[in-house]
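What follows is subunit A paired twice: with subunit B in the first complex and subunit C in the second.
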Partner chain A sequence: MRWRKVFETNEYGKIDRIIWYDQESVIISGQGRRARSLRYADGLEVWQLAATTTNTNSNQDTVAKHCQVIKNRYDPGTIHILSDDLLWSVSSYGEMLWSIEIPIKSTLKNLFLLSTSQYVIVGSLDSNSNQLQVTYYSKQDGQQAFSSSLPWSFNAKDSLNKCSTMNNLILCSNNDELSIITIPTTTDDTNVKTRHIKASSKIEQIRILYESTTRSVILIKSDNGETKIYQFNKKESTSEWDFNELNIQMKSNSFISIATDKNLAGQQILEASANDQKLNFHVSTINEQTLTNTRSYSVELPENMGEIEYLAYSVVKNTQLVTLRMQDGSLLVIKLADNGAELILHRDEALSSIISVETFDLSLSITQMRIEEEFGGTGMFSMFTKRISSQVSQLISFFLRLMDLFTHGNRNRDYLDKQAALVRDEFNLNKILIVVTSVGKVFGILTQSGGILWKNFFPNFAPFEHFNAVHVPLFHIRSAAHYTHEPLASIVYRDRNSLHDTHIRTFNPYTGDLENNLTTSSLPYHVKRVFLSTQAVDEFCKVLLFVDTNNKIHTYPPVPLSRALSTTIPTYIYLFDKSEQAFVGYYLSIDENDQKTSTNLKEVWRVSFQNEEVINIHTRLSSDRVHSAGIVLGDRSVLYKYTNPNLIAVVTEGIDYQKVPFVNIYLLDTVTGSLKLSHTHKRVKSPVHIVLSENWIVYTYYNQRYRRYEAVSSSLFEGEAQYNYSTFSSFDPIEPVIQSKAYILPYGVNAIQVTTTEKGITSRDIIMATPNGMLIEIPWILFDPRRPLDLTPMDREEGLIMYTPEIMVNFESVINYYKYVYNIRGIHTVATGLESTSIVFAYGLDLFFTRVFPSRIFDQLKDDFDFMIIGWSTVAFVVGSFVAKRFASIHQTKKAWK
Partner chain B sequence: MFEQNKLLVVLLVLIVQLQLILTFDDANSGSVSLNFEDNIDGKFSSFSKLNIHLSSQTNFDLTPSRTIPLSQYERLIDFKSDYPYYTLKVHFKRGATQDYVMTSVPMCLVLQAQFQYTVTLFVSENGYIVGVQVTTGNSTCTLSNINQIEQKTEYNYKATMRLQLNDAGPQPDTQRFLEKLKRQQEAKINSQDADNRPFILKYWKYLLPIVVIVVLQSAFTNEGGAPAAGGGGGT
Partner chain C sequence: NISSTTSSVRPVPSRRKWFVDLKPSKQERLTIAAAATANNNDGAVATAANDTASLTSLGFSEQKVADLIPQEDDDRLLARRSWDIALGPLKQLPMNMIFAWMAGNSFSLMSIMIVVMLFQKPIQTIFSLSSAFASLEQEGVGGNIWLLKLVYFLGSLTHLALALYKCQSMGLLPTYNSDWIAFADQQTQMEVTAGGFSYF
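Then we have the complex of A and B:
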């Protein structure tokens, strides 16, 4: 990759159209409000222009903006942009030629933008009189020249969806008919001509394949799969066009692209279609009405990539190149040559749209497994024989390995290395990441190298909606702890075509092979929520539990509920009702002898948010461990933590009676439906990022009043005494004491997460991804809500730091150094076998993986540890003690003789 | 012209006042009517109703409209029921909005406390009820505990209600921090200002050792070099 440019995450980064020139391209983004030019050679942004508007924020949020960008065919260096009521022109060398604001009326909507050699023409729909007002603006200075109107039968929405513009033509589909409306280009000609093309059934799509001042090619696709291509030719010295159909036979799923080159005699048309793992191409030259010189190519793809989503065909210096984007997000570049087609580039762009991540431990090595086996068995005799036999086999395999090493050397080095990569290391630092992307491609990634181990594509994939985001439930069905059985992971997703159908796919995370017994494509109920059973059922496998739309709970695979869930501890489930903005808690009681595989839920609590909209919820990580129940204060007393495992954080947004926007953060107990914390922040904007762990919560938001990012940290304490030291119950009458502090953050926040360690002894660090590409590791003690403003000796004894309103970020705590990662959407942290070490995986547009040591490396030797000194000094001490012993005994003997 | 303007201003002021009253009415004086229901009869039935004004008081006592006869109490003690939970449902009506919130606690906790419990209502920013919580002062209960309780012919609800409003979220405490910095700086300046003693008095601690060393050194050199010096003096 030579260069890349990351655009803004807000609306100014959304590209509307790219206009390609020889040396650079002009990119229009932000709903036609930004224009910039990028040079191909080095990715340098040559210029950038912003539209000058007077009414910027008037009705920005409510009305969906509409924008049209065209390149003037008669003057290719000029680009006209119509963004709602703003019409402006820029030249390709970065000069704003002119910009005018078209007077707005509520009934008048600007829809079409056309250009001629003299005029820029705006077609606006007057919904009162059902007329299309055509206004001509001078191309030189934007002065309004004249206007006319013509009858119009479509409404604004239909006009946008079903019409396209081309030169001075507006093409609109109306069921099975295509209307071609010719807009006059000069003042003396006012004749609007409308002609029709009939199709065999309802027209689905009109695509303009090629456009120039004299010739154009369009494609019409009907809903019965029939595709027709028409060629338009301009009549001499008029503004009218002739058209004729090209005689071309096409498959229903094929894509078409046209390339022109100065060296080529005519234009070449490329038809591409995907078929399983094969891409087929047909290249022909367009003649008057027929195609000649048809050549066919086909190329085998390394994996199934689904259908074609985008196709571009170009001829660069006599090299025919096809660029494709496939359904699975792959970017392909294929070279067509005389000796056939060749795949020259394949990139998995799906990796930039990860939505779910899980980590699996690698499998034990054979010797590690034998050790596990060695201590199994029941009864003295069997245990003895097992130990002896396993030790004998260890000895034999050791000798065999030695033999192999001497005789064969490094014969299958590569194979062995690959095998070794899949074996768990001593400290369980290397893992395998399972990532699910929003296009339906699942990857298995090795953490030590970042290499993709396997990938699977599910073509009918659609993610579930989860508040304002999408998500795909990904579960550990069987963990890697059971060395006799391979681990299993399951994903649950909806069908792309019928969103009520749910698919379950279970696979082996090491190989990606599907486990067909646990894979299904149809559940006889509509799924509202899915979660994992608390108990393993058969062969250490957990089962999936589904709540359907009738609030009934089912198991998959069907097993009695009494085996899937604990019968002694009641199960509580909460669901969110979006239409009423209410959380409802349910209770599930299971009889031990009950063999039912599904049962109804009973409503036990309800929390409703009136005039507030729930925008997100956040649960604590399942791997969250609390090591100590309290904090030792400076005076040697203990402050007990309120560690309620049933809490979730709820974020709501709303507008209060003074019309001030606010954001509320609640901590909701999901057993009783009570609120343990409720914070209101006025004049604050989402997104709110939350970390919930142990007895504390940290959340960040944007403060509109001070225009800065802030973080609030709150801790919940039981107080000086603990209600129940052994177990926690949500029914305990504890009123948690809340301590909170707010801090100013030096950067914006894209995502935050907390480090995870195996036992939770290591202190916690907050990992924060910032919009400028940094991943910052901030110790939690900087967020501690107990940081005092005036530090007393007692506080110092406890190790508290004095309160400062701003959290100072040291550049040493940027864990990705200068490897900046952009648009991070989530951070995943996992514990390793070493208590000091936590794994961090950040994903978004870029991926980043590293290990962090929140309390430094306290359980490892440093890299520069001097083994020689320790070794030699041990030897010296041993020798010294022997020598001393000898001398002592001689001394003793001498003493005895005296 | 002037008259007209004046009239317009008066009218405007009136409109603004009216709007203010309306918003005030909508927000603060809007009372909330509450209806408490529980499920001890097997279905939800009301046992208390209450009208409250937000922002005036936060603690209330519920006045029960019915009692629990002994027979019902004994029926509830029989835990074989399919649903061993005491569920409290609070219907609320505020302006045109009405909704309900509810919560549950194990039935035996309420029986053990003889229907004496605390209800906490969580009130949102806009004056709506978000959630409800019931606490009885215990988290565990046993049948023997309940049986030890003296038998009455009928049991009365003794419920107190508490309103809990949303806390204002904390703000970065820049003001106090800056004040503190200022105080520290002032203290520093003051300490420098106050010290206008003469040079000798200020630094005598550092000067004294030097003086002592010099004196001692000269004394020693005098001892050793005295003859030479004396000799020199002699000539």
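Then we have the complex of A and C:
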């Protein structure tokens, strides 16, 4: 890759249209409010223009903006942009030619933008009189020349969805009919002509394949799969067009693209269709009304990539290149040559849309397994025989390996290396990452190399919607701890076509092979929520528990609930209902002898929010461990932590009676439904990023009043005494003491997460992804809400730092150095076998993986540890002591003789 | 008339076991000469007396010497020595207290060494209790030796108490809750929860 340009994440980064020129391209983004030009050679932004808007109406955000961008065909260096009520023109060398604001009327909506050699034409729909008002503006200076109107039968929404513009034509589909409306281009010609094309059934899509001043090609797709292509030719010296159908036989799922080249006589038309793992192409030349020189190509794809989503055909220096985007997000470039088609580029662009991540430990090596087996027996005699036999087999295999090494040498070294990469290392540092992308492709990635081990594409995939994000549940069905059984992971997703159908796919995370016994696409109920059982059932497998829309709970695969869930510890289930804006808590009672696989839930509490909307729910990581029950104060007394594992953080947003926007944060106990903490922040903007761990919460937001990013940290404590040191129940009458402090962050926040370690002994660090591409590791001590305003010796004894509102970030704590990663959406942290080490995986547009040591490396020797010096000095000391002993005894004897 | 000789044993630094100095020293000669002039009057008698003095061996006395050290005095000395031994640990206590005070409550090499010493000494003395009184037992002090041993033992215990107090003031004793918090088990959960937003 030569260069890359990452645009803003806000609306200004949303590309409306790209207009390609020879050396550079003009990109219109932000609903037609930004125009910029990028040079192909080096990716530099040559110029950027912003639309001049005088009215900054805040209500504009709520109204759906509409934007049209066209390149003037008669003057290719000019681009006209219509953004709602703003019409402006830029030239391709970065000059704003003119900009005018069309007077706003609530009933008038600007819809269409057309251009001729003299005029820029705006078609606006007057919803009062159902007329399309056509206004002509001068191309040179934007002066309004004249206007006319014509009757219009569509409403505004239909006009946007079903109509397209081409030269001076507006094409609208109306059920099975395509209307072609010719807009006159000069002042003296005022009559509007409308003609129709009949299709066999309802028209689904109109696509303009090719457009020039004299010739155009369009494609009409009907919902019965029939596709027709029409060619338009301009009549001499008029503004009218002739059209005729091209007789091309097309499959229902095929895509069409047209390429023009100066060297070619006419246009070449490419038809492409995907068939399993094969792509078929037909290239023909358009000759007036017929197609000639048809040639077919086909190329075998390395994996199943689903259907074609986008196709572009181009001829560059007599090389025919086809660029495709497939349904699984793959980017393909295929070269068509005389000797056939050839795949020259394949990139898994799906990796930039990861939505769920899980990590699996790698499998034990054979020797490690043998050790597990060796000590696995029961009874003295069987253990003895087991040890003897396994040690004999170890000896035999050692000799066999030696023999193999001598006879075959390094012949299958690659295979062995690959196998070794899949074996767990001594400290369990290397893992396998299972990532699910929003397009339905699942990848297995090895952490030590970043290499993709396997990929699986599920074609009819649709993720669940989660407030403003998407979400796919991914579970550890069987962990890698049971070496006799392969590990299993499950994903649950919706069907793309019928959203109430839920699919379950279970696969082996090492190979991606589907486990067909645990894979289904037909659940007889509508799933409201899925979670994992707390108990393993058969062969160490956990089962999935589904709550359906009738508030019944089911197991999959069907096993008695009494086996899937603990019968001694009661289970509470909470669900958030978006339409009611309420959390509802349910109690699940299971009888030990009950063999039912499904049961009804009993509602026990309900928390509903009024005048505020819940925008996010945050739960703690399942791997969260609390090692110490309290904090040792400076006078050696203990402040006990309130570590309630049933807490979730709820973020709500609203506007109060003074029209001031606010954000509320709550900590909700999901067993009792009680609120343990509530914070209100006024003049604050979401997104709110939350970390909830141990007994504390850290969240970040944007402060609109001071225009800065802030973080708030709160800790919950039980106090000087613990209510019950051995058990914790949410029903315990504990009123937690809350301490809070707010801090100013030096950068914005894209994602935030806390490090995880195996036992939770290591101190915590907060990993923060910033919009400028950095991943920052900040010790939690800096966010500690107990940081005092004036430092007493007791605080110093405890190791607290004096409170300063700014969190200082030095550049050493940027864990990705200059490898900037952009638009990070999530950070995943995992514990390793070493207590000091936590794994960090950040995903978004880019992926980044590293290890962090929040309390430095306290359980490892440093890299520069000199084994030679230690070894040799030990040997020297042993030898020296023997020599010294001998000398001492000689000396003693001599002394005795004196 | 040179017959009279006197001999005397002088303190001699050499390792010789004995010797008789046949040559009288100047002073002795002067005294003899003075005696001779004084005794010129009675002549022969004095010479005879001189002769007898020179002929008897050194340290010889014709008179019987009475035994001057009485038995009661010996007992008193023995008691004093045994009490010295028994009260030895107690006598060292003030010195150790000064040591402990000088070391301070901060952690440094010196203070740790002193704490180790404070513990080491009394333990050593307690273990050497029987050997400390062994010589007294040989000399046959019966009776109140148990009392002496008890005093000795209690004296050592005061040293140990001082050492513990020192540890306490240095914060080395696990007497607070905070010293045990690392060993506390995790609380077991009485409830399990699951859930989240509902999909439909």
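Annotations
Operating definition for what follows: the second predicted complex is superposed on the first by the 881 of 898 C-alpha atoms of A that agree within 3 Å, B and C clash if a C-alpha of one lies under 4 Å from a C-alpha of the other, contacts with A are read in each partner's own complex, and residues count from 1 in each chain.
Basically, a residue touches a chain if its C-beta (ideal position, glycine included) is under 8 Å from a C-beta of that chain, and two chains touch if they have at least 3 such contacts.
Every value quoted in this text rests on a predicted model; they were computed, and no experiment measured them.
When the two complexes are overlaid on their common chain A, residue A:L675 makes contact with subunit B while staying clear of subunit C. In the superposition on chain A, A:D656 contacts subunit B only, with no contact to subunit C.
Look at A:L789: by the touch rule set out above, it reaches subunit B but stays clear of subunit C. Of the two partner chains, subunit B is the only one touched by A:S608; subunit C is not. Of the two partner chains, neither subunit B nor subunit C is touched by A:S598. In the superposition on chain A, no contact is made by A:T285 with either subunit B or subunit C.
When the two complexes are overlaid on their common chain A, residue A:S729 makes contact with subunit B and with subunit C alike. Touch criterion met: A:P805 reaches subunit B, while subunit C stays clear of it. Residues 724, 729, 731 of subunit A contact both subunit B in one complex and subunit C in the other.
Considering their complex, residues 464-467, 494, 500, 526-529, 531-532, 534, 545, 547, 549, 565-566, 569-578, 617, 619, 626, 628-630, 632-633, 636-638, 643, 645-646, 670-671, 724-731 of subunit A touch subunit C.
By the touch criterion stated above, subunit B contacts subunit A in their complex at residues 23, 26-27, 82-83, 85, 87, 97, 99-106, 109, 120, 122, 124-126, 128-140, 164, 166-174, 176-177, 180. Within the complex, the subunit A residues that touch subunit B are 580, 582, 587, 589, 602-612, 654, 656-658, 662, 664-666, 668, 672-675, 677-682, 684, 710, 712, 723-724, 729, 731-733, 738, 740-744, 789-790, 803-806. Subunit C meets subunit A in the complex at residues 171, 176-179, 181-182, 184-200.
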